[in-house]
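Labels A, B, C, D, E and F are assigned to the chains in the order they are written; within every chain, residues are numbered from 1.
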């Protein structure tokens, strides 16, 4: 009896989009106002989905309190009220687009969650722009 | 030409999480404040998804008014403004976690909806905790 | 330079509406399904508004972290995952309607917040039913 | 490294549901108040999902600004502040149910987006009624 | 002990903005795409606020079920799934802007609600455009 | 016949809270993680309320398209995808707290809107923290 369970959390962060191998003109053409060298920011919403068997003793797939704490310890504590480009090592050489952020969050959480659970992450950069990884 | 159609409804209910085969200490350790013997409650939101062929005469997969009435008759009338543990027979011996509630709702609606339609149910216990069944 | 600042918090609680000086028939006529003796529940959202001068040193009317902690300590810790009728002393002899809950929350917070700040509380029982105190 | 990216847009339109091969009585029985000959309307929300490889140079699956412009040029400019039955050629002989609208939007966008991207469209007619195409 | 109570309802309607004493060019200049002669439409959300004394017997300012039924009988039944210009007599000679709609709703409900209650109506035409009457 | 009309817009910006007349320790004590020298950011939502007479010719208090353009020209174009501390002159010597931002937005728009309209601005820094100016 498999069920998917979801936990939504949020963090507030600054970032800019920039490819250091391009000149300023090309960066500006491709990334527009997202390339602003002094950064801008977002209220990111992250939804973590775990899929697994319902434990007959608890009626839980996963304790939401433990999942929330996992997300706080491994994602929010490192991303919240931070500058993703400057403060988060994963983005030292990786452009912090929503696509790359969601992959980093997935890879971070994948190590913390037992293999028997399928994992998917949805990241809202704004109410109108969001991403999901892995696909399917 | 298959399309998925979704209908969202809500109900307000009390519940507590408890495993009667455990002692109070273990129940409290596992379920924390959700184990409060005098109950707490939620505004549950339920989204029912049907997938099927578009009827060329109506342009409908399923009449949303009929789907809404089905959910009201078979789920809301039995769950809304109720205590899930005390008032709903399905939870007499089943812990009313979001996971178990969503399975009960699915099983209830599955009997009412023709087999040619795929059925999926999403249940929000809070804006930040939700579940989906079946998976995939 | 006065500004109003708002902080939104939430709690999940069970309650029932009942007037002990009435018989069951009258309670049922007036309160309908809200009178269910085994309780039902809600995800309550509470918005606290403080109005005061902006402190020129901080740019704050009130530190939102301190306001959030105040609400947690004095309201959420006493109401969240509780049965308002059974677990919260203020409702021992007071019907826990949204109107009475918002007055109790106001009176609780009013003692904790300096008189120089105006205080108003909005309480959502559901997305479609909410109340505000004081008025104006 | 495939990621799904989503862009949400909206349009406001009038429509009525009607099958011209049926008499008025049957139309009224099947479509009820949605059959009103003088039309009614909705704030439609449309979510477009593209799935594809993350471009290592940009960190994008697809530039959200370009996707937003595509939706504006090919969907919103033709549907927004329009009467779907009278002003949009696709619905001259097709009942503008949510199911048929989402298929028309999909077919319209499918021509504009390279085949290497999977495409899915979700359409909200109201907060409580929505549809998705293709399924799965 | 005065409290404000709020009830939120919704209706879906078609309309167009038009001043019959102006020529088409002026109507088009002033109202733009809202002047489309074949109409467009919205999901309107209406919030009704009553302010009054809390009844010590019920703990209610006003029974929300009764308020909801009042709004349904006097507003929704006449506006929902209608064309405001063609189907609602109040707009025969009155442009159905959000401003005029909210005044009509207020005037309609004012007759149904005892004078001892203050009344205010908020009307959302879209999530981003809304109006309130009376002011203050 | 006065009505209040509201227009909601949004912008994404980076900022940090800092008082240059304090040492780092005091800044850190007061502003906590909001003091991060490399900045963080938010999706700000701004709601502008104008109150005035309904024009009998248009049925408008104010053309929402013109109000939206005013907000875009005078606020969004200067704040969106910017670092409030570094890119916006008003915050060169003013701490960009929500309180100070809402006052700056009000003062900016007040010059652009005729005196016969009352003006109020609400600013959401997050869904849970927001401010309003002027008060009352």
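By definition in this document, a contact is a pair of C-beta atoms (placed from the backbone, for glycine too) under 8 Å apart; a residue touches a chain by one contact, two chains touch by 3 or more.
Predicted model, so just to flag it, every value in this text is computed and none were measured.
Looking at subunit A and subunit B, the chains in contact with each of them are D.
Both subunit C and subunit F are touched by E. When each chain is reduced to the average of its Cα atoms, C sits farthest from subunit D.
Although subunit E and subunit F carry the same sequence, what matters here is overlap: shared residue numbers make up under half of all numbers found at their interface.
By count of C-beta pairs in contact, A-F exceeds the other of the chain pairs A-F and A-D. Distance from subunit B peaks, on a Cα-centroid basis, for F. The interface in D-E, A-F or C-F that matches A-B, meaning over half of the contact pairs are the same by residue number, belongs to C-F.
Separating the CA-averaged centres of subunit A and subunit C is a span of 34 Å. Chain geometry summary: the mean Cα position of subunit C and that of subunit D are 41 Å apart. Shared contact sites, meaning residues of subunit B that touch two or more other chains, fall at 127. Chain pairs that touch, as defined above: A-B, A-D, A-F, B-C, B-D, C-E, C-F, D-E, E-F. Against subunit B, in their complex, subunit D makes its touches with residues 17, 19, 21-22, 30-32, 94-100, 102-103, 127-135.
For subunit E in complex with subunit D, the touching residues are 10, 12-15, 33-34, 36, 38-43, 80-83, 86-87, 126-127. Subunit E contributes residues 1-9, 51, 54, 57-61, 63-65, 118 to its touches with subunit C in the complex.
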